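The data blocks that follow each hold one structure.
Next, two complexes with subunit A in common: one pairs it with subunit B, the other with subunit C.
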Partner chain A sequence: MHAFDYQAPTTVAEAIQLLAKHNGTARPLAGGTDLIDQMRVGRFAPEVVIDVKKLKELNVLSVDADGLHVGAAVPCYRIYSDETVNSQYTALADSCHIIGGIQIQSRASIGGNLCNSGPAADSTPSMIALGGVCVITGPDGTREVPVESFCTGPGKNVLKPGELLVEVRFPTRPANSGSHYRRMIPRNEMDIAVVGVGASVVLDASGQKFASARIALGAVAPTPLFAQAASALLAGQPVNDETLDKAATAAREIASPITDMRGTREYRIHVTGVLVKRVLQAAVARARGEDIGYCRGH
Partner chain B sequence: MSGKRVVTLTINGDQTEVLCEPRQTLLEVLRNNLDFTGTKEGCSNGNCGACTVLMDGRPVVSCLVLAVEAEGAELRTIEGVACGSHLDEVQSAFLEGAALQCGICTPGFIVQTEALLAENPNPSEDDIRFYLAGNLCRCTGYDKIVRAVQAAAEKRQVARSV
Partner chain C sequence: MATADKPKYKVIGTRPVRHDGADKVTGRAKYGADIKLTGMLYGATLRSPHAHAKIKSIDTSKAEALAGVRAVVTSADLPEQGDRIVELGEGAANMRHLTANVLARGKVLYKGHAIAAVAADNIHIAEEAIKLIKVEYELLPPVLDVRKAMSAESPVLNDDIRTESVGSAPASKDSKPTNIAKHFLFEKGDIAAGFAKADVIVEREFDTSMVHQGYIEPHNATVFWNTDGKITVWLSTQGSFSVRQQTAELLKVAISNVKVVPTEIGGGFGGKISVYLPPVAAMLSKKSGRPVKLVMSRTSVFEATGPTPGSHMKVKLGATKDGKLVAGEAWIAFEAGAYTGSPIGPACMCVFACYDLPNGRVEGFDVCVNKPRTNAYRAPGSTHVAFATETLINEICEKIDIDPADFRIKNAAKEGVRRVDGPVYARVGMVETVEAIKNSEHYKAPLEGKHRGRGIASGFWFNCGLKSAASATVNPDGTVSLLEGSTDIGGSRTGIAMQLAEALGITAEEVTPTVGDTDSVGYCDVTGGSRVTFATGIAAIEAAKDIQRQLIARAAMIWDVDASKVSYSDGGLHGPAGKHLSFKEIAAKLHGTGGAVIGRGTSSEATQGGAFGTHCVDVEVDVDLGKVQILRYTAAQDCGTAIHPSYVEGQIQGGAVQGIGWALNEEYWYDEKGEMRNATYLDYRIPTCYDVPMIDTIIVEVPDPQHPYGVRGVGEVPICPPPAAIANAIYDAVGVRMHDLPMSPPKLLAEILKKES
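And now, the complex of A and B:
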């Protein structure tokens, strides 16, 4: 690995100052499961690596009147070990359970997953489905960006030089809501999604109609996508096969995947429809308080 | 600017100081600077789990941790599993069940199994396969590995209930 300087600031202000000072030649380090490998293979050669794990704001995992706050450096295992996440923000727990293996989950963060901006990032569709908002701090202050607007291309995002993702905030979960994330891979674990789908649904009091929904797709476009039309058409519709098929069809329409070793374009589009339906069914079951019999990784 | 620095950490209960560069991974420093060569280098990119160690109780792949990040950490490596010449239940079960062929992946599997059993003393086969998914065995001895983990779990349960 190339030689670099290592800094571990203890305040966000100090981290921002360091990032701004080394404009473009510094990279933040959270879990390191992407960055250290990227440096090893020479994809990135930052002069300064700024360890952000000592910043308390980036280690927050708490609930208040604004909803759930997940600090950008909180590792996956802390997220899926959290009772609130497990019971209310279940899609996020589903994602964190299948990012890499257990060792990776000890270190990898959803902030890092988002900032790495991979099209197949497993936590991003869940964050979009759950209405996540990125809280970004930089030399010009703090701004907020919805997760679906954060990534701008493979490996690219809206962060400007000197800016740091501090946390992702998720709105309070309404009554009768449920969520799920699932991906298609040829094995049960430790693989990159061929297609990944996250969805969150809110049902009416009877549990028979959709009040609203948010569906997000991974690995079928240069960035993870918010399937806006597919989500919107569910509002007010009865929960049945016909409705789910309509959402699946609408989601397929925005998929523009590539053909690669993991699957052809046609296959990925087909799988998008299949997964949207299955993930919605699971989210509905969870909203009704039913056990979906989901075995993580399968 | 990328000068060496002293990192203080505890390895298998002993506090240690080591001089290292920021660019050195924990794996590199364990093996090359500290002579803890039981931890193996496999892929060096986080896929194979051969370099698994416990850092503050959590299993991590030491190839994806910088040594400087381990400042103040408590590590447990494969060298800290046996008690002198007395192998622990997991090591004995791997040995008795022939759960290894070439052996390169074994330290990682054993350390990862220690983490599994600490968290879940009575894992199902599915739990074991899921927890060990980040450890690869090129000799494809997975079935024997899974059976060895089951045997170790049983042995430990019996030992605890006595």
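And now, the complex of A and C:
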């Protein structure tokens, strides 16, 4: 590995100043589970590594009138151990349980997962499904970007030099809502999503109709996708196989996967539909307060 | 489960704590990369980014000039080998190819092919320095498909390879260089007449992908070339003496100038026999005057060591409607990788080895392609062909409506049966392993549920004897220090110590086994061919007998009687008039009666009786995802006599799990340029503990008459049946026959969708 400097600022202002000063040659370090490996294999060779774990804004995990705030450096284990996340933002808890093993979950953050901007990131579809908004601070102040607009390509995102992802904010969950994330992997553990699907649904008071839904897809395009049409067509529809099949078909239409060592294009498109249906069924069950018999972490 | 009566043993068949257990579970055991020497330098290797290219020039000057760099080597620093074939214990090697594989000469033949190496003060400088080496390439088209490589139009990898004919294969008329390095042909009976008798004939084509052994510990070597010309090599290996010879031959020094010190080894499965790093580290040490350590990255292990070949096979079987096999024909092409040497020979011998086949014809080809030079992997070649034959057997059983276990029992190879390639079996246990599965609770249990299926398959491996040596010193406290030269991969030092203990009538704990270096112990061939517990066991038993003879002489002296009046049994000496000395008592008297007693034993070229296994598996298929879950797995195997049943079970379980990985997900995934795109454990998917259930084992014991205690090697057979057993179970579950390994979700889903439409 090449030689590099290490900085551990204690205020966001200081971190932004450092990032701006090094203009593209610095990389923030949260859990480091992606960055350190990328540096070891030579994919990135930053001159300065800026540890953001000492910034209190990036360690926030709280609920207020605006909803749920998850600091960009909060590790997965804190997220899935949180009562509110577990009961209301379950797709996010599902994702955090899937990412790595216990050691990785103790360090890895959803902020890092998002900023690494991998098409197959396991937490991004959940964040999109739950309506997450990225709070970004930089030399020109603070701006907000919906999670579905954050990634711009494999390993690329909207952050400009000097900008830092501070937190992801999720709106308050409505009544009769449920969410789920699931992925297809050839093994049952230690793997990367061939297709990942996150979905959040809101049912009407009867629990028999969709009021609204948000479906997000991973690993089927250069970036995680918000399946807008598939989500929109569910509103007002009865919860049944026919409706779910329509959503699955619409989701397949926006998938544009590649063929690689993880799966063929045809396979990924097919599986997108299969998982959309399965994930919606689980999200509906959760919205109804039913146990979906899902073993977390797989 | 014992299927034959056996004498009662005191030590054999028990489960003592392994002698290396404490070191291993506390993390104190020293593996190859743990070696640290005073003044040691760290090396890094420059590897080819191209699959096939001529090297036009190599400029190392900038690397040499970097501060902290102590030596740089290329193939120019290794001696020319010319056309030499050297016998290396478990097969011969073409030295010209071996040295070019260690450091490329003129051409790179696969991505990851080593070109140059650097030794520096630390690994970071070494890695920086290799980036400063400038190599000019002339790119050549990569040859990646075994059948295309065989065509006359294909680019040729090696200009010194011409087809060598083996068996009854006609000699090649074409003297032009070719990618077909070997052509095997074995024939038995009259296959036309055989197939004419068949009521049912099934013929299918099969493909399997290149797969890796997947050991956790990467290749490593630390070498010091002393000023007196003595070279010491520390590394983890399956064969210290093979490393000594390969290193000496590659450096053209006397073998007595090379000492190999084996460390503990984190898995080998056949892949840690060939030498990659020691000659390079040796030259770096010679040039720098310092010890040099080289350790491969995981990616280099995948790209540049010795996986097992991908294959293309066409196999045809014929049977009568009452369930008798009458003829079989196989055409098998293996990817040798960059240089000749795939296990195509064993594959040809194994393809019909489980059966009494009256008429057979087997043709095989060893074909060079731009992939790493393949090497042994657990029953090399046998898993490929078992996948083909064992799925065809089940297809025949379905067509003639006979239970696949009954069909196998009816046609099983047994004593006196001649294989297609010639040899006649001694007492073997194929029938017994199928019977064990047929009678198992698993096979009898009903399998319920949607998309669930059950499959069985059998497998064969020869097992070899080769050469082993051991010595054993009696300590004054009545214990024995055992020194042997077989590097221990699966608990063999304890298995060998137990045989010595049994022969001397002492306990396993009273023997302290040590795996010695090449200067301290007699010649031992590699830990491979499922030979160590068998052959090094015989050497240890011989050493025990030597100790017995010497102790008899001591007792005769103490008692002042003729040695013929003294005998050794039940852990002690018996003389006239009820005279008795226990082993412990005589051990205490050695100092006063002539000094140390050291027993010696060797074993040379004893033949093993071959081993068979039959497996049964239940699967559930997710028909929307094409994903297979293994629900239940039972493996029955003839182990002759299980010395330490826990290690026998461990070998069977480990082999089955590797076979499951090969069946479902493992593959070298190449792009069109010849780059392996999944050279990490993230994307090269060996099974995790969530992917396999507990593998139940049934130890069948049909003692091998060629070993004093009836041992048969157990390490290799269990990898052979799993892909076929799983393919048969998938068919039972969802009605599609898979002919292509791995049976990964995309491939299986495509077949399921094809059937549905």
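Note that the second predicted complex is superposed on the first by the 296 of 298 C-alpha atoms of A that agree within 3 Å, B and C clash if a C-alpha of one lies under 4 Å from a C-alpha of the other, contacts with A are read in each partner's own complex, and residues count from 1 in each chain.
In this text, contacts are C-beta pairs under 8 Å (C-beta built on N, C-alpha and C of every residue); 3 or more make two chains touch, one makes a residue touch a chain.
For clarity, every value in this text was computed on a predicted model and none was experimentally measured.
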Can A:G101 be said to touch subunit B (first), subunit C (second), both, or neither? first
Does the superposition put A:K54 against subunit B (first), subunit C (second), both, or neither? neither
On the A-aligned overlay, A:K209 touches which partner chain: subunit B = first, subunit C = second, or both, or neither? neither
Partner chain in contact with A:V271 - subunit B first, subunit C second, else both or neither: second
Which of subunit B and subunit C A:A3 touches, first, second, both or neither: both
After lining up the shared chain so the two structures overlap, which partner does A:M184 touch, if you call subunit B first and subunit C second: first, second, both or neither? second
Spot which of subunit B and subunit C makes contact with more residues of subunit A, would you? B
Looking at the overlay, what does A:G263 touch: subunit B (first), subunit C (second), both, or neither? second
Which holds for A:I192: it touches subunit B only (first), subunit C only (second), both, or neither? second
Pick out the shared contact residues on subunit A: the ones touching subunit B in one complex and subunit C in the other. 1-3, 188-190
Touching residues on subunit A, where the partner in the complex is subunit C: 1-3, 184, 186-192, 194, 260-264, 266-267, 270-271, 274, 298
Touching subunit B in the complex, subunit A uses residues 1-6, 8, 29, 31-33, 36-37, 39-41, 47-49, 51, 53, 77, 100-104, 106-107, 188-190, 295-297
Which bits of subunit B are touching subunit A when the two form their complex? 1-2, 5, 21-25, 44-47, 49, 52, 55, 58-61, 63-66, 68-69, 112, 115, 126, 129-131, 133-135
For subunit C, which residues count as touching subunit A in their complex? 124, 127-128, 624-627, 629, 664-665, 669, 677-678, 681-683, 685, 687-691, 744-746, 749-750, 753
